[in-house]
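Common to both upcoming complexes is chain A, partnered first by chain B, then by chain C.
Right, the complex of A and B next:
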């Protein structure tokens, strides 16, 4: 699936030929290392046996059947999707206006503001998680979803901001100036000119932000209760007491969701730009 | 009206109204971070000053730094972070090099190979390593089939390190690749034209010029390694304790909030020290280059 996708997009040139043979061998070996744990989970999910074992004892979809009818996994799956979408939308609403202000604005302390806004990227999430836990109990916030959502917005908003900043910084400001000269006010210019131009960056940032929320464990582990449990947390707590192909099946479902999102990202924006621009 | 707007724009000056608009764009995000990032860290700090007798002092910190167990955990956390960083640098350099220098379809495929595991959550990846490294896992099944003895790879530092390197290697490789991509190839060509062998071009030109990517990636890997606990929780045992896992356990099993808060602040200070060191290193490197 991945290979086909890439073939469609490439120019088909032989590419590793310029590299030393030893490096080619190494790259293949390390690629196997990187893919192995993801692949092995997917293989283990299709077993017909009662245990995770190698080689797997026959092919069946029974564990997918079981997992997809088990509220222990399905409820957290929807919780995760809902949480991810909510965090992404709020991140977008916060990050897009901020990016417009940061790129076009000339004001003292601009770099400090940018550093502050990207700071959550280098903060270990466990610190944010315990801080939010104390904070919620201190201000009497009993709703676990609100503090969970707030935590995920803090985690996703820098990714959104960085992606939009990267795209918007390359936009020629004369286009916006032309709109202003022709009589459009600030808001109309932003809505009809700027936003359509930066749309690929917004979409890429949104998918990236969703993935970050969808995969997040530390904050969710400390802030969810039985009603708001997310998928990674439910997989983790299941894994502490059980070790059977059901975990592999639900993990495979999550992996497939992630791969679909990644391919979407590649189509819309090019992972290459996102990854390299984001350094 | 139209004319006045035009003047503002063409002058590039910011009138009062323009600045107000800018502030309005930044206000919500800054407010959000102040309330839900700075606020919680502040509450965490206050909580950590809470002594058992109700007074506010450094009692919890004295507990951490006065007990050899906690000092060992802190040392293990830093040592583990350093080991993972060094391994990631050694494994990640050639991978980053291949990423930067490959083209077309191979490059796209390599990027997907590097990015896909990065996006699969840590629980699932750790589970994958449990399936591979476990006592009757895929690797040992292979070894037995070949008539070789089984290996003890899980519930020790080996397993935790393998899984953590897997989690963090993509960050290192991408960081190195992005530095190599911006490197001016003509410098290498110049060295080649002047008679340097490919090996010495790499050692004396390419490698020194790409060290910035190694340092950036290294700092990122180190801060992430000393801050994450899921991998250690699933693949380690009680002797492979690290600070973030200890914080998690203090919260969930012993419910000792002030103590957990003090350890959280300790971890935050460690991470901040590393980031401060990075900015010092970067400033020093830029000074040296000039």
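Right, the complex of A and C next:
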């Protein structure tokens, strides 16, 4: 999937030069429409006033100070980060082997397994949350971190699976066969050849998975308790009674975490390997 | 270890190459029979080409030898040891794929190193062998590049180095030069043959290009519809094809129907369809009077015009219908009573342009020794 996008992207850029002016204006308008609310929230967080307003009344970092020293936000923030990382790792451990055997394997019911694993994509998360709540309380795990994590894994697996499937389906199987002829058994072929080649798919999937978990509300709302509450849930409940720039500040922090994570991954693994995987 | 040899890739190996025996090998893909009882005995150090039209089972045969396809039946032996059920990674073979199949995430030297690493060869020994293998294919200067940064020919060289560095018992190549342009292809052919002779590695080379097979191989196995039709030296394949398919597939042929009128004293009398022309030829094995046969003659054996009258074995009057110029050769199409006869003439300027114009009446002839006769 990623590999295909890369090739298309260069074609798309070439086509851009010939775009009619109207389309350019339209594109800019849509971009502004999408980004402006986020920017406004981020700018409003730097106000020195007591209320959210735009443009902000004066500049200060007081709301960041307050948010960062308030356990009401800091504990959920760490919960969300931990939950996101754990959900990403587990869904990777589930989705990567699944993708490998779905692409290369020949076994009955292959299509059904794939459909089953991707099904949560088309399921409203609130339905999933309610189901999980009943199930978890029936087996005595309601409001535990485990059931919350399970919920997030169900939600994130399809994202991981889709991106890995997309990349792996485009990988020439002769490359893996070459490794085997050269003396690598199936495990070493997977470790030294397959996994490095599909790394762009894994990373893209991991980013998606983390982001999906990081701002997931429905499951977290029903399955967290005061110890395990996540950032989106705490922002929501804070908003019920308050309307001050603290919310803008914590949202800004959340956005910055996401952007930094994206940039880091791109910097560390992204560009070079995306390039070579798409040859 | 190897002080004297410039190419220790070979020298550290005691035996030059392995003997590969294929016995009654069959393979079905569902209802499709890709291989129907293939037998091949390949000698140590031999260069064998598997030649045949697309879909005849060449790749399947090669993949069975590599272990990438488990055959439905039959046996494969390397140096006398049955390996039919040996896993791919334990067969000690080298393989070059048409798609090159280089590891895209590894540099050239890491690609070459991979097989050594899997075989537990490390350190200085490994470094030396990688350097030797890269020198062998003249890729030393490119060792830190990635495959994406190489041209097609360079990738193919790396693939070759990667396959040879482990000193495989046999080298398998599946249409390795199929994606290269004609010039490069020719130089790679020469280079591979030279390399193979020096290393003495048993080599099985798949191609659908007869020129490639005939010029490179010690022996050519012509395959058709899952079978080996003939396994012989290139000259034998061309001059003495054992089936009409081989005669048709290799080179160009004129093909006529005919009947054996009589057989006596080790000679038989063949009458061509559509004419009164008959010819006495040495009796072929298993023929009887009244048998329907296919008679073939190569275009380069056919003489036209003035030259034709000098040859007496088979001479037919005819009319030129077409002349096709193809560089050093010209194909002349002559309508005769037994059908259209194509003659391939060298050095056409000698004939004079007017002599070969369409519509000209000319005799055509050939020696009866040049006739290939098969049961219909």
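Here, the second predicted complex is superposed on the first by the 241 of 279 C-alpha atoms of A that agree within 3 Å, B and C clash if a C-alpha of one lies under 4 Å from a C-alpha of the other, contacts with A are read in each partner's own complex, and residues count from 1 in each chain.
We adopt the following convention: a residue touches a chain if its C-beta (ideal position, glycine included) is under 8 Å from a C-beta of that chain, and two chains touch if they have at least 3 such contacts.
From a predicted model like this one, the values you see are computed outputs, not experimental measurements.
Student: Taking the superposition as given, does A:174 touch the first partner, chain B, the second, chain C, both, or neither?
Tutor: The answer is second: A:174 touches chain C but not chain B.
Student: After lining up the shared chain so the two structures overlap, which partner does A:25 touch, if you call chain B first and chain C second: first, second, both or neither?
Tutor: A:25 sits against neither chain B nor chain C.
Student: Return first, second, both or neither, reflecting whether A:196 touches chain B, chain C, both chains, or no partner chain.
Tutor: So A:196 only meets chain C here.
Student: Could you tell me if A:61 is touching chain B, chain C, both of them or neither one (first, second, both, neither)?
Tutor: neither
Student: Using the touch definition from the top, say if A:98 reaches chain B (first), chain C (second), both or neither.
Tutor: A:98 sits against chain B, while chain C stays out of touch.
Student: Comparing chain B against chain C, which has contacts with more of the residues in chain A?
Tutor: If we count touched residues of chain A for both partners, the winner is B.
Student: After the superposition on A, what does A:259 contact: first (chain B), second (chain C), both or neither?
Tutor: first
Student: Of the partners chain B and chain C, which touch A:183 in the superposed model: first, second, both, neither?
Tutor: The answer is both, since A:183 touches chain B and chain C.
Student: Tell me which partner A:141 touches in the superposition: chain B (first), chain C (second), both or neither.
Tutor: neither
Student: Do chain B and chain C touch any of the same residues on chain A, and if so, which?
Tutor: Of chain A, residues 177, 180-181, 183, 185, 275-276, 279 contact chain B in one complex and chain C in the other.
Student: Touching residues of chain A toward chain C in the complex: what are they?
Tutor: Interface residues on the chain A side: 172, 174-175, 177-185, 188, 192-193, 196-197, 199, 273, 275-277, 279.
Student: Can you list the residues on chain B that touch chain A in the complex?
Tutor: Result: residues 2, 5-6, 9-10, 12, 14, 19, 21-26, 28-30, 32-33, 35-37, 39-41, 43-44, 47, 91, 94-95, 97-98, 101-117, 119-125, 127-132, 136-138, 141-142, 163, 166, 169-170, 174-175, 177-179, 181, 216, 220, 223-224, 226-230, 233-234, 244, 247-248, 251-252, 257, 260-261, 264, 267-268, 271, 275 of chain B touch chain A.
Student: In the complex formed with chain A, which residues of chain C make contact?
Tutor: Those in contact with chain A are residues 66-68, 87-95, 97, 99, 101-105, 114-115, 118-119, 146-148, 159, 162-163, 166.
Student: Considering the complex alone, what residue numbers of chain A touch chain B?
Tutor: Within the complex, chain A touches chain B at residues 2-3, 6-7, 9-16, 18-19, 23-24, 26-27, 30-31, 33-38, 40-41, 44, 52-55, 93-95, 97-98, 100-102, 104-107, 113, 116-117, 119-120, 122-128, 130-135, 138, 150-151, 153-154, 157, 161, 177, 180-181, 183, 185-186, 211, 214-218, 221-222, 232, 235-236, 239, 243, 247-248, 251, 254-255, 258-259, 261-262, 266, 271-272, 275-276, 279.
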